[in-house]
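Pasting the structures in now, so scroll down.
Each of the next two complexes has chain A plus one more chain, namely chain B in the first and chain C in the second.
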Partner chain A sequence: MFDLYLDYIDRWSHGLWLTASMSTLSVLIGFLVALPIGFVRSRAKGPLAWLAIAYVNLFRGMPLLVLMFLVYYGFGQFNSELRAMGLWWFFRDAYFCGMLALVLNTSAYQAEIIRGSLDTISTSVIETNAALNLTRWTAFRRVLLPIAFAKALPPLGNEYILMVKATSLLAIITVFDLMGEARTIFSETLDLGVYYVAAIHYLVLVLAIEWTLRRVEARFKWMA
Partner chain B sequence: MDHFRLLSFGDHGWGDELLIGLGVTLALAICTLPFAIILSFLVHWAKVSRYRMLRSFGMLYTTVFKSLPEILTLLILYYQAQAIIGWLIQSVIPGAHFSISPFVAGMISLSLVISAYGSEVVRAALGAVGNGQFEAAQSLGLSPRIAFIKVILPQLWRHALPGFGNLWIILLKDTSLVSVIALSELTHVAGLAITTTRQPFVFYGLIAVIYVLLVTLSATAQKRLERRVNLGFTRTET
Partner chain C sequence: MVSPPAISFEKLNKYYGKFHVLKDIDLEVAKGERIVVCGPSGSGKSTLIRCINRLETHQSGRLIVDQCEMNNTPSTVRRIRDRVGMCFQHFNLYPHLTALENCTLSLIYTRKMPPKEAKQRAMEYLARVRMDGFAQKYPSQLSGGQQQRVAIARSLCIQPEVMLFDEPTSALDPESISEVLDVMADLAIGGMTMICVTHEMGFARKVADRVVFMDAGEIVEIADPETFFTSPSHERSARFLQQIINH
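Entry: the complex of A and B
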């Protein structure tokens, strides 16, 4: 099994890099998308809130695999229209399509996490803001957002780990992440050990992230 | 319209095939759930066992199956089980051939993954019931087995429902992964339909809607059940 790793070390490290970078990037972009949606879910009423609920239920309700197929193959059906709109370069590329699917999926989950943490901030904090004469924007930016972030950190960390695992689905739409590299090496060698090498990669990666997250969480704990 | 013909039943449309695919998806999820729940209890008991070996096994089990992507677990299990059982059968009856069905492989690997998360649901639910109930049952002279079945389990249900409800939804969506080893469930059937009709958006869009509906339905049912089991314990929200 060890030689399966050493013989293909370039491909393994490329796959590892791609898995780590794509999952990290999708979580970060997803967070930026989720922030306004989560805020709307927590505070707004009316049409805007319905829109946010629809977004969250839609992208949490379908399997990520189906979402990837829909973005990559489904939109490919409209290639002449997309070409006319000048978007074809995006939907032609499995990396961009996979990224879009990951961001849509994770932002829906993160929006619910953010909503949850905003909802559990105690009313005394909000009353204190009023007592200190903070404007709503300042109160939100300097008080509510940091507290919400500290509260959301553990579930966001879980979401990050779920995304690391979810990137493995990219292999099915021909992206060469860890899983994709494993599949090609397997098709060349027909040795089951390849998948065990991939499994060890995932195990080490996830454990390393968990360890880091625990240290970061410890620093923010006082605020949550 | 043209699209309706694609989805019609009979020889020309894919309606009946998709319906069967939906049936396979539901069958897989429903067959997996009881095994996943039982395994969750077993894994939890392993983790709190008084034997050190069993405890570390339980820890290893959850760490591994929570860290590995579901699809990797599925592929390893599918090929490895095939290889091992094939080898065993070969050594007993030379020349015999064996292949594991994708349905069973999907069931086993999904049970493994779900139970890794499920063991934590069990832990939290048992904690919520509290050890006092068990001690009280024992002081009344009930054997541990009877105490668990007659005293703990009926109270556990209320606390475990939200956790297992969420896992059911995850399970329902994860069945789509089994299409990778060619089980003809919903996602796989849609893929087949697309290779002949070349209408990926229609079919993937349709099954996406079906999954969303299934999940919404499950979530609604879960909420109703939760309200029902919590009657008399918490104030019901209107």
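Entry: the complex of A and C
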């Protein structure tokens, strides 16, 4: 098994890098997308709220793998139209398509996490904002957002870890992440031990993230 | 010339749905006057003072705060809230900000004060409530009484014309109660217009100019503390006082 690792160390490192970077980037971009959606879900009524619900239900209701197929193969059918719109460079690339699918998926989940934490902010905080005459923006940016973020941190960390593992689906749309590299190494060696090596990679990556998250959470000591 | 009242209620009515919470409230509070509002729970005393800074809306009647009539216009509400400070039963400090940051938040972002000046002012008021040594602490690191004193400093920072206290000591242990009441008494000596909902009868006796007794949404009796405590003119206030003394 050590041979499987050492002989292919370049590929493993590349796969690890891709898995770590794509999951991290998708979670970060997903957070930025989820923020306004979660806020609308928590506070708004009417058409905007319906749009937010539709977004969440659509991308949460679809398996990630199906979403990847739709984006990568499905959009590929419209290649002439996409070329005309100047978007083909994006949709012909499995990495970009994979990234888009990951972002759509995780942003739907994260929007619900953010909505939940905004919803649990007590009315006394809102009343205090009013009594202190804070503007809407200040109340959101300086009070609601930091409190909601601290509350959301544990479930967001959970979502991050889920995403790390979900990226293994990328291998199926030809991305050479950890799982993608593992599959090619297997096809050359026909040694099932390859998948143990892959599993250990995932485990170590997740543990490292868990350790980091614990540090970050500890910084919010005022939550006590 | 008599200066106009700080706050006046004229035939003010409020309903929660069908429930009539405030019934024909008439009350004038002079500048610099200290009012204690008391009464059994559910009598509408908190609701009454929460109308003053529009945490509650009234349905009929007039409410004039510092010569500005309360209405639904956001700019009016902002103008009035700018002159009214409020302390809550559960302090309501922002948990993610230090004592100092709690005080400077609205100075910096709502009143556009330069941060340095805001800090200076906040430290002044924290010193006044004897909390300047705790400026960098988070609320979770402070006792209840300390938190309430910071909350008082936070309200004072906006230099309000009127201070509202909504049962500021009901969530505190006896020791903390006296440290908060001391700060409030200091404020009263300084000439601040104050309306306090409280069951601290000792405080009412010592500090209040008038006591307002409410029951079932009505103002039953308004009297100076001496008269109110020794010879209440109304049977309902007498019964309430009995209960408080005997408990």
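Just so it is clear, the second predicted complex is superposed on the first by the 221 of 224 C-alpha atoms of A that agree within 3 Å, B and C clash if a C-alpha of one lies under 4 Å from a C-alpha of the other, contacts with A are read in each partner's own complex, and residues count from 1 in each chain.
Here, a contact is a pair of C-beta atoms (placed from the backbone, for glycine too) under 8 Å apart; a residue touches a chain by one contact, two chains touch by 3 or more.
These numbers were taken from a predicted model, which means no experiment stands behind them.
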Larger residue footprint on chain A, choosing between chain B and chain C, goes to B
Q | Which of chain B and chain C A:218 touches, first, second, both or neither | A | neither
Is A:179 contacted by the first partner chain B, the second partner chain C, both or neither?
first
Open item on the list: With both complexes superposed on chain A, which partner does A:6 reach: first (chain B), second (chain C), both or neither?
Closed with: neither
Just to be sure I read the superposition right, which of the two partners does A:166 touch: chain B = first, chain C = second, or both, or neither?
first
On chain A, the footprints of chain B and chain C overlap at residues none
In the complex, the residues of chain B that touch chain A are 63-64, 66-72, 75-76, 79-80, 83, 173-174, 176-177, 179-180, 187, 190-191, 194, 198-201, 204-205, 207-208, 211-216
So, in the complex, the side of chain C touching chain A is made of residues 53-55, 78, 81-82, 84-86, 88, 90, 92, 94-96, 105-106, 109-110, 138-140, 154-155, 158
Given the complex, residues on chain A that touch chain B span 57-58, 60-67, 69-70, 73-78, 161, 165-166, 168-169, 171-172, 179, 182, 192, 195-196, 198-199, 202-203, 206-207
Touching chain C in the complex, chain A uses residues 124-125, 127-128, 130-135, 138, 142-143, 146-147, 150, 220-224
